[in-house]
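Labels for the chains are A, B and C, by order of writing; each one numbers its residues from 1.
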């Protein structure tokens, strides 16, 4: 942690960056995103197991982008999100300094995107084990049981879109749910529309979700919606042998077409 | 009106004028005669117009309260509701609820000169008060209308512009942006602020009413100030997004001011008091 | 006015609950399997929680449902008809065990829905609700009711307020005629009050809301808003869980010729909330939207509706995925 603070100070004092995006402790003891612009305030930075939010979400936010050059505290999911954002041309890697944090909470020396790629390559890229266990249980259910389990979950949804807003990959300025010509998804929160929303969100993240679990964590009513995107991340691995966020030149699995694609689904 | 404050009047489309390729004017008549009898409004007020199944959209009443028995609205095809409205025909039904909001203080303007300045699709919110004061012509001194649009094609109410042009008691100046003219265009060529400066109307005993896109307002205000207009003598309308129309849905406020209740008509003196949130 | 206070034993409380359930819908808090506290209609008494600090959602949906029909229409090209929703058919509801903060919110909602013109969808629903509140005997760091003019045992908005005694029985305080009528119809369930004192949570004052309101008068352009909202991700969680947030959308939905116009919860935190058709957006960045939320509750509402727009329940802070802690921010605003 001291390494992180001194590195942040150094970057701010030398004006290498204008902001360090990291974590601080809030008044109730929770860790939360922090934006350090003044090296004197870098001591607020913390790094421990409480620091769970995916900070990459801020890289596409207007008022954060205004800072210009920035450094970001990044554990594996943040690194993978950054890879996706660079691949999708939402973030320019050169404007970014990665303050990598290893699994045992020590500062990594990530001098470049290719170093970051090297680090990611050595990590376990599957879904977190606790989610893997829940998914395994869910997958034992019959389709009917599974549907009714999810219906029960979706019935709680209030359409606050915390799942979408917390996701670094949901950066669209106008989300499909906000398109009203035609109105794809009902504006109101009802069982039918909620189901459509969650399926649509998951599908848009297939091949792009890096399994950080932020969407489920953000949900104020406790819908484990991260299991949907994680399930698809598994499927993408099974069918295409691709893990999202492993390079800065990723092709989108579901929207890249090649002449030699298998087209067995076309009769 | 019914106790259900969200329930619209049913209106029949009595006439449609295609003002420009994407701007229409509808004349609407009440389907229920009793509702027609009890309905009244004043210049500056607005309403929620609806196509059942598509939703509601907010625009001003564009006809004058002096013309009884109908209301008119002018809209540009832009979103879901206005596109659906544009697909309707004479005889079709739409919903209307209102009138909402405050009014132009035309009684206070009696005995004064009136200078109307409008740009593009912002003539409709002003048309109501223009006709209202024309219909009460003897109460006002000189009436001057300066109307500009990007191109000749974008001018709305062309039939009425001709009528105003030909009336000896109204001074009408029309202008189009440079490049927007046609070979037979007889009006001015230039942006509204430039033409205003050229025409240089007197601010003496004069009220200026200004409606247009933010960029037009931004560059016209200094010209008005230069001509000697005081903030309290300049009026405009704000057009924040609305849903309910009566200060509940939480969208249109500028600071503590509800555009739907305290507006849409504001003097420039009032606007200067507002935070920049419009 | 002096209110009547009676003792009600835990087992009598159950009898009261059952009696009320027979002729009303009773809306009471239960702890779900995932530890979230949610309100349900007529849950078994044994499931009803008396020890929760705050339910995940507020109880505002009783008077301001997340989706509500404004009318039904049938529409062909030239013939349209509108059918009103019959609000007189709404059932009587007993809101059971809701805390003073949530109960105080009803008056605030009334000041939004019924100022100037009366919104019957709200007011008719409220008429049907009888509130049997429950004073708080526990609290947590998110609670700040005492900073908003409320208290863990404030009677505002309750028809009857229950307070837990150390022995497990309750004191019932009858606040309104609606509340007293329950006493009148079931006198056998109540006994005279004893010396035993109620257990009331301690919630320390964090800021003076009068001072916050005063500071906000001149704070619109203050750098505070950008500095303190950078981490806000712009979701609607805070507004949807809030007992007093009342912004709504109006939409149509059809199936063939039949359809309905409904209103549904909306949020000032959403980027497109104020977007004009032209593409212009008066609140185009998140700091402006965060400012709107605070200003609305602590400056515009005191000014326009003569009521503070916050009851200090702390839900917005506890629901926030990025710890936008409202009482912390108000404390800071008091001192800018």
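Going forward, contacts are C-beta pairs under 8 Å (C-beta built on N, C-alpha and C of every residue); 3 or more make two chains touch, one makes a residue touch a chain.
Everything numeric here is computed off the predicted structure, so don't read it as measured data.
Undergrad: Going by the contact rule set out at the top, which chains touch both chain A and chain C?
TA: B
Undergrad: Taking each chain's centre as the average of its Cα atoms, which is closest to the average over all protein Cα atoms shown?
TA: Chain nearest the centroid of all protein C-alpha atoms: C.
Undergrad: Among the chains, which one keeps its Cα centre farthest from the Cα centre of chain C?
TA: Result for the farthest chain: B.
Undergrad: Write down the chain pair with more C-beta contact pairs when A-B is set against B-C.
TA: By the number of C-beta pairs in contact, the winner is B-C.
Undergrad: What is the distance, in whole Å, between the centres of chain A and chain C, each centre taken as the mean of its C-alpha atoms?
TA: Each chain reduced to its C-alpha mean, chain A and chain C end up 33 Å apart.
Undergrad: Mind checking the centre-to-centre distance between chain A and chain B? Centres are C-alpha means, answer in whole Å.
TA: Distance between chain centres, rounded to whole Å: 47 Å.
Undergrad: Which integer distance in Å separates the CA centroid of chain B from that of chain C?
TA: Chain centres of chain B and chain C, defined by C-alpha means, are spaced 40 Å apart.
Undergrad: Which chain C residues reach two or more other chains?
TA: Residue numbers touching two or more other chains: 249, 251, 253.
Undergrad: Note the residues in chain B that touch 2 or more other chains, in rising order.
TA: Correct list: 79.
Undergrad: In the complex of these two chains, what residues of chain C are touching chain A?
TA: Its residues touching chain A are 34, 36, 38, 56-57, 66-67, 141-142, 226, 229-231, 233-237, 239-241, 249, 251, 253, 262, 264-265, 267, 270-272, 284-287, 317, 319, 321-323, 325, 328.
Undergrad: Looking at the complex, which residues from chain A come into contact with chain C?
TA: 26-28, 30, 32-35, 53, 57-58, 61-64, 156, 158-162, 164-166, 173-174, 178, 186-190, 214, 217-218, 220-222
Undergrad: In the complex, go through chain B and note every residue touching chain A.
TA: 79-80, 83
Undergrad: Please give the residue numbers of chain C that touch chain B in the complex, ascending.
TA: Touching chain B: residues 70-71, 73, 75, 77-82, 84-85, 112-113, 115-121, 220-221, 246-254, 259, 261, 263, 266, 268, 273-278, 280, 282-283, 288, 292, 295-296, 299-300, 303-304 of chain C.
Undergrad: Touching chain B in the complex: which residues of chain A?
TA: 180-181, 183
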